[in-house]
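Listed next: structures, encoded as structure tokens.
Two complexes, one shared chain (chain A), two partners (chain B, chain C).
For the complex of A and B:
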């Protein structure tokens, strides 16, 4: 006699202890609320941000480390072993990484907001330790799974970019106290490009090769197309970072141009997956994924135009905002909308109980409300940055904060439906 | 022993086989995600598939189970000596409506 509950127990042997990915996701939800709260509370700082410690830098790292990187860590620990069939070498190490990374991010953000060097340095050190463990664990899986070309190629390069991004971040923290960098602003810009487009961006492109066909139930992207996307994206990344650091603006513009070509090729493959997949209705998450891709293209166009000298200070600010908030955050929220109910269903099974269906765990109304508020926040904050005006930034921050609270409610509801209530017992078949 | 039946392939090129009275997919040579998942879901969504499907697969398709739950299918599995997995998928019988007093 078999029933889903009992059989899924076998599958669970290959799933991680859910507290490992969920601790990273829970941290991401908390930092998501914090980042919008910081923007709403200190809109003047965000509207004219040009580097240096303060609430805007804290909000930026609440997004990049707290939300984007924490989610990437949870998703990578959970999804890569499932996708590749290569188990995580040490689950204890994945837990230890969270003990360094999550409190370290909190301390770093506190130090940045308050402009205090010691918590910034200690937090940065703890974050680097946590990311170092993550890097070793994940690069080991990707190395053993080199046969999975897109994951290996994009993933290993993303991890190399993470190493460079962390090193540059640490140099910037040290420079904050000692002031030894000649080109601090350019170093900070390269840190943003390498961490945002190199680490998070390439990871997002690589994961998309598995996740988007999985969501849409479609064939994957052809290998040749994937290789071309990778080559163009990597070329754009290197040219963009080198051009910005050395102040060679036609090289930086060339980087943005190659990045645009890579993005166009990637989006063609993704659009084909969505169009040909068996699952036509991906709900609100498809809206967020498409909006995120739109922002990827927009950010690269703004980067190109800025490198050609058509914008003043608003150019770099808008470029960073469109890439980090518009592309990466929107895309990630769309992905998480599908992953959380899916993971919840996979993790929900105990002996003799029937797991809930993923669709039962994802209420459309809540997700629509979040998407609307998120869109409003992006428009208002983007307008405020463009006009260097605090009021739209504050209103956008409030909309984003409400949306983040709703999103956290969506995730908590899943947790409650899985862990907080008794499940219906499934009837055995005669 | 599985034999090929006259059915269109699933996931563009995966042949549909016949094994012990049920349609069957041999996915042991396919390791590129999400092709095994797409092949199985495409087969069980076909109108003429019947109520039972067998699948031979190299490793446990964890991502498949939520999709089966959504579509009202159950599953059982047994491991072969070579470490591969034999899944038997069965369409759930709709529960009869509760009778009134």
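For the complex of A and C:
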């Protein structure tokens, strides 16, 4: 069966041992707090970051590996077998991947923050091993489920980008000690583009094809439109990365332009899903999704303008900030806000017990407080980067930290309501 | 939602659409009037909404649920997976008494209006019904109906439609 809702049918039967996805989600919540704490504690580094080890690089990887990639791993292990009907080859391997990936990320971030090569290299190696296992397990599922076109096309390309991104990251770590790269800054920029837009970005676009119609109870995106979005996005990615690496700025600008066309097409499909869906009131999560999409477009416009030479150093910094924090982090928090209560409720259904209400799992007030603080953090840190001023970055970091603590509280609350509290039993009809 | 091939599934889908529209109006009423702030049940728009909620829920928990449990869930279990119909049936068991209670409060409010106590109960029960029913419909719309549309034979459609009409008529 290949329809978006296959994600639901068989969901209970095929739900993983919840400790597998939840360990990745728990790690992501912890790194989410850490990244804002690093920004709040070291705002000068974030405001004028131009590469090199230090707290800003550590905060950046706390976001990209600790939050975005960890969540993608948990979500992929949890949802792809259910969505495609193809089971994971080995749940033990999914656990082993976490043993390498989660502590490896911690060690890598510590090495980056302290500017110490050995923990960076050991952490990077462990991260690469964990991601390697993830890549094998997930690419096998996607390959066997090629009939579900959008997931297969976006997912497999995202995994190819992950391979390139990890390889470039490892080269950058080795270069940090040995200094063999001629074009270190450009290699780092390509690493950011391939890992951010290629891996996480394409994965976000692919998952959106399933999740947004599911949330809104809407018709999926037509195949032709999805193929065109993919072609434009992939073309933009390749052109952007090649242009940046070779310093051919019109090629990089062309990459941003094709990316914008792909994003516009994708957003048209998503807007149609939300407008025509049977569920109109999607709460705070829809606000975060829409804000994330807005940041996607803004980041590509800033990238285009930067490639055309209109910005100084603030251009690349703002481009990276808007794409990674504005688009990917905001979008991911919006998605998690809906799928954590959903998965929790699916885990709680059955065995004659009455699962908690969705609003019990996701209280609106808590979610609004988080969204407000997240928005404040983005505005303040973005302003600080644009002005190269530490104070707004520090204030933004504090707002982000408070928001991240609230978000972790939201997730822990779901865990407690599902797993820690006894449930009422269902009265069967005579 | 999806372009469903079988008429019986299209009928159930149309009932889901109508139910979600009523539930959205109910949620708006609950949002506009807190649990301690009963609306005037005789006011035209409130009375119309209460009548629509009672009609939709009354029909849903009797014919719609019963038909699914009697004719579709066993077929789905036979063709695919017994766990899913069991989960959906358990959700029916949770929603059914809540919906029946809500319909009973509406019947009382029609004659006596809402007191602070009856509105508070209506507010809590109505909110729970709206949430649980919408979540339940989400599962059926995204999973059960499209899956059955792929699995059932076209010649099963006519007898199923007849059975549903008879169930409603009876």
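In this section, the second predicted complex is superposed on the first by the 413 of 430 C-alpha atoms of A that agree within 3 Å, B and C clash if a C-alpha of one lies under 4 Å from a C-alpha of the other, contacts with A are read in each partner's own complex, and residues count from 1 in each chain.
The working rule: a contact is a pair of C-beta atoms (placed from the backbone, for glycine too) under 8 Å apart; a residue touches a chain by one contact, two chains touch by 3 or more.
Since the model is a prediction, treat every value here as computed from it, not as a measurement.
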I'd like to know which partner A:387 touches here: chain B for first, chain C for second, both or neither.
neither
Can A:357 be said to touch chain B (first), chain C (second), both, or neither?
both
Kindly classify A:147 by the partners it touches after superposition: chain B alone (first), chain C alone (second), both, or neither?
first
Now for A:217: first (chain B), second (chain C), both, or neither, which partner does it touch?
both
Applying the touch criterion given at the start, work out whether A:281 contacts chain B, chain C, both or neither, answering first, second, both or neither.
second
Touch test for A:83: chain B only (first), chain C only (second), both, or neither?
first
Overlap of chain C and chain B interfaces on chain A (superposed complexes):
3-4, 7-8, 10-11, 213-214, 217-219, 278, 345, 357-359, 427, 429
Report the residues of chain B in contact with chain A in the complex, numbered from low to high.
11-12, 31-35, 37-38, 41-42, 45, 58-60, 62-63, 65-70, 74-77, 93, 95
Counting only contacts in the complex, chain A reaches chain C at residues 1, 3-13, 213-214, 217-219, 278-281, 345, 349-350, 352, 354, 357-359, 426-429
Would you pull the chain A residues touching chain B in the complex into a rising list?
2-4, 7-8, 10-11, 14-15, 82-83, 85, 147-148, 210, 213-214, 217-220, 278, 342, 345-346, 355-359, 427, 429
Would you pull the chain C residues touching chain A in the complex into a rising list?
1-2, 16-17, 20, 24, 27, 80-81, 83-84, 86-87, 90-91, 93-94, 96-97, 127-128, 131-132, 134-135, 137-139, 141-144, 146-147, 150
